[in-house]
């Protein structure tokens, strides 16, 4: 099993979710995060003093998937989250050791 | 000695009426805070600073423009019933001698108090607009429009009735301005919304309606209560006199009816929402209160309290249907201003016929049509010019990012909001 | 000429008193916003929309019910000192002739202004209840109770004193309603809370007390300030006359004493909290302010400002101990309404004896016992009937999810709150 | 009969003036809520409860101290133009006989109403300070200072002008207290800020200025509107009489000018910010409003509305530059209180010369220098004593954690805030 | 060492924490997340327009544990977070490469 | 490639970011979390009732890095986040399977 963790632009969430559902991903977990990277922050002025907000709001979308879905899933995210502008984010892939569904105690693939 | 006593009576009565005007004006000024809180509660957090700025700014612009030219257009000399005259700044106050001259036309309260009371009305008309165009209109274009509306458009149509123009002659009856203030504001708002288009994401590709919930409903509720309170000044002060028994009774009637109409509007709005949607939608209760208030504003002095309640309740039902209908027509009005002040304003003007024998259907319809047509068309032209020149809408990326950072460089709640998920 | 002067004096005096009533009523109406903000700041965010809806709704229901029947029960004709009469709607205003007749019984201010002032009092009594039952009571059951309390229960016990019933005859002295309004509201609240039970999770299995912090303390503070301000109308208007030197002095005394009692309540509440808990608990300061206000309400006209401060300070200390005690008894009152309005209300009624020579211990005790017993029992019965029929409490899952989504379909702060961790 | 009529005229006039005082005082009391909301919106969420507590507490302390000793210091008997007398508590009200005696010196409104009006002024002066020392000063040290300022320092300098002391004799002209109230508050605030030092993290190691955005800008905006409204009482009530034509006209002028100055301050502040920073910084618009209000306070009765607007606008420009300058000097004033009330207060006192022929440059300068020097030095000494004894600043770790948990044991928004990232 | 990441219903946090402490887990880190899965979202109405909120609030509870605690830890979470109703969540297990305590520079098991 | 996940005290964020940039880490992602560990919570009183807030606000700083940067990165965080007082937090290291930049479809090292 694989664990996909994608950092995306927040307004792409709906597209990404739709794309993932389409390829057969059954569940996902989303976290609000702040990202720092090549995309630069914007300048704010508060009462005359300027400052840069370096961190940009991003979403982290995580999904556990069976190995065979890896390729399709990555392409799906890639396409759905793409704008071509800097700051689009990244997809990270991890090995997932085990997975259990709390409700049923199913484990492994059945629990995804 | 008799003379001195009579003079002192005049002095006291002048003082009481002036004080009453000032208290009323103070309450109407407070409505600016009400609109501000209402609107800032009903937009998303990323557009909150901008709506705050617009509201504080528009009130200020209204005061300045009305002082410079608006008051004189509305209440100055003119030989035509359609075209008001023009002159600048507001002249001084009544002399003691004039007041004590005691004839029928002797002034019975301070001229400057009158200006103060009138100026806060202008701001109300303009406040109506800011809610409807929220979350997408450029700040400085909005302010430019405010200059024109409060300095020229409102004073002209106000002159037609309150300045003694042709609508007054036609018998158009509009006690505190369901039409002159509220419908006028809503007409200008409608023109703006039609040119602006809906907020991005409000209507889906298949035409479906995506709700965009307001970020802070306690503020919206507070705003409604402030407006309710301020309305006692808005309607109560429009009797223009309190210093004798009949006037005092009339003012009392106006207070009580204003309160009852709002209360009935809340109940009607909540029940309608519960029946239609299966939920007691608070925002409909709040819009119901405002609808009740707008509905009674055209004639709060003549109905009984029961009738006032009914007029308010009809307003409360109407506003729910109107909001839902406008949404289906893809007219995107984030706070429901066009429904509350426009649709219900019309209802209020017609409801005058229920209890005021002096009002005529012809007169009321004339007022509705003339005010709507003039303000709508004049505003549309101004908005169009702004659109072609400086532009009226921020670009899509800015809209997504939020008006606050782009226009004001600030966040309303910098510590609280992340990127809202699933909203 | 003399006659005309006398008449004009009457007219002016009538106008001033009416205006004073209207300003007072406007301020009391504003208290509805105060309760709303206070309560919405002291509940969790997931129950905020519902408490807002309850407050806007109850004020509106109170106005309508009091117009339909309540006012007449309370102030109408009756031959029994215990049972008021019944009739519907509020009749018109005083005629000029009646006023100018000038006798002792001639009306000296507008009847409708009186209604307006009275109607906002009813809403206050009902507002007290919404806070105590917050975060678990069904919305529409609450509204049904509001219909009964504001239409029947409150008017009956109000009649006993202010309508000229038996408590008035017994010499019960309650200037602006520490008992008639505040204790009455708290009694109905207590009945409700006993039947409802505490919020889930408030008391642990071992009986330990789990605090459930309010979501928005600036709102709670704003609410307290609004109530403080509104109280000038509540107490100040209860002198019922301002138009001569003695009345004006009395009203001034009432304003100053009301302010001093609240100030002393804050200081006492904060110091008590600091000593007891080692922290300057803001919510105790706020409750202290309200306690000071409730305490002075039974007699703000007779004490000196120093005594008024002392009465308020005792209220501020009392309220802290009362809140802690009720919590130990597992009587769950999220905003402390029973302590502020009930326990301190009783203190206020007894404190009248310190400065008002006309008041008697017997009279005061009679009032306390009768009002508490009647309102508590009557309310209990109504709550019981509601419980057996439509139910008064949402089910556990809904309570966990929050009243807002379940009852109103909205979130108060949709962009800000996640699932709060460790709260 | 003539006599009775004259007496009744006196009674009515006394009643009207007293009522006017009470309404004005009520509005000034409301300013306490304004300062509270303004300040709680401009600090970070972790210091919000503490600023709320400070504001509620300081208002209460001001009331108590002014009753105990302050009022008598300020308005009591004294044989020296520099040193006021001392006595305790406030004596009773005017007798009917005194009022009806009718001579020039006969009291024409309630003494207690006067106390009520004056007491809320003291609180305003103290409110100014809490904002400037926000987010780092110990709660109870602040309260101790409040005891001294409201009980002694303010009454002494107030005596110099309003109590008939030497500044009055020098012709110092300060209608409602640009100097006596606002500059005084700002002087005490400056003394405190200099001793306290800036908030940790406000100025970087290289001297760069790190903005610390306020947590809740809608609250700050609400606070500004409340202050604006309350200022009608602050300035409007300072005419001290409304019951004849000239007074009523003067009060009306004061209302209108107060409103115009604030409006012009907003516009000037926003435009200045837009030009300087490229953004319509809302907080500068709000400070502009307050600057306009402070600027006009020294003489709202004499200028025309146009001149009042100009005076306000200059205030609005000045405040932006002042805030930026103080920040460069590393004088850390989170809400801009020193700029708004101090710098602009001085401007307001000088602006009196533009329209009031009775005012002299010498008189105004004397007032500015004496008030600033006395209040600054006296406050500095008190702050120093507090610093050496109980301490005035929380330690660094507590400051990082936030004042709320440390001092009050509460969080303002327990459900909303995490550890803000990148702020 | 293992890294456990459990998605649970928010109101189960206290139970899970207690259970984990009981089996000897010394520290944990909790994140507010939004979950999408079999459990369907609820319908909301805002001013007459209906919409589905697909994402449900969940908590992610993460703990680094020594290998030998894996079995016990999983059972503890399983039991404590279980309601039997849909949406109970999942437990994911990862291989943890290294762990260092910042305060002491202890590494590996000692740092858990 | 490695995945570093560090739990730190919130006010150390700026120091950590600066230190990471200095050693050549190009991007990072920050999440607000609540931590439970040896550091005990503080006592609060609300209306007379005392309670302990066990969870302390922390930040989770995550970065994908090439293997060769591991040592330097860990030392950088270690130093920058260190106060020596309890609750300083931990650094966790995971094996990262794959990484793709959404904007460019670059993969592996180039995508970091």
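So that you can tell them apart, the chains are marked A, B, C, D, E and F in the order they are listed, and the count of residues begins at 1 in each.
Just so we're on the same page, a contact is a pair of C-beta atoms (placed from the backbone, for glycine too) under 8 Å apart; a residue touches a chain by one contact, two chains touch by 3 or more.
Small disclaimer: the values here were computed from a predicted structure and weren't measured.
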Intersection of contact partners for subunit D and subunit E: A, B, C, F
Joint neighbours of subunit E and subunit A, given as chain labels: B, F
Interface numbering overlap (same over half, different under half) for subunit C and subunit D: different
Whole-Å gap between the CA centroids of subunit B and subunit E: 52
Chain centre separation (subunit D, subunit F; CA means) in Å: 46
Mean-CA-position distance for subunit F and subunit E (Å): 18
Shared-contact residues (touching 2 or more other chains) in subunit F: 30-32, 34, 44-46, 54-55, 58, 94-95
Subunit D: positions in contact with at least two other chains: 5, 9, 12, 16, 23, 213, 216, 222, 277-279, 281, 283, 409-411, 413, 416, 420-423
Contact pairs between chains, per stated definition: A-B, A-D, A-E, A-F, B-C, B-D, B-E, C-D, C-E, C-F, D-F, E-F
Touching residues on subunit C, where the partner in the complex is subunit D: 2, 5-6, 9, 12-13, 16, 20, 23, 27, 44-45, 213-218, 221-222, 224-226, 228-229, 232, 236, 242-249, 251-253, 255-256, 259-260, 262-267, 270, 274, 277-283, 285-286, 289, 304-306, 309, 413, 416-417, 420, 423
Partner subunit A, residues of subunit F touching it in the complex: 3, 17, 26-31, 64, 94-103, 105, 111
Subunit B - residues contacting subunit D, complex: 1, 5, 8-12, 14-16, 18-19, 21-23, 25-26, 29-30, 32-33, 36-37, 40-41, 48-49, 52-53, 55-57, 59-64, 67, 89-90, 93-94, 96, 99-100, 109-113, 115-116, 119, 139-140, 216, 219, 222, 407-416
List of subunit F residues in touch with subunit C within their complex: 34, 41, 44-51, 53-55
In the complex with subunit B, residue positions of subunit A that touch it: 10-11, 13, 30, 32, 34, 42-46, 57-59
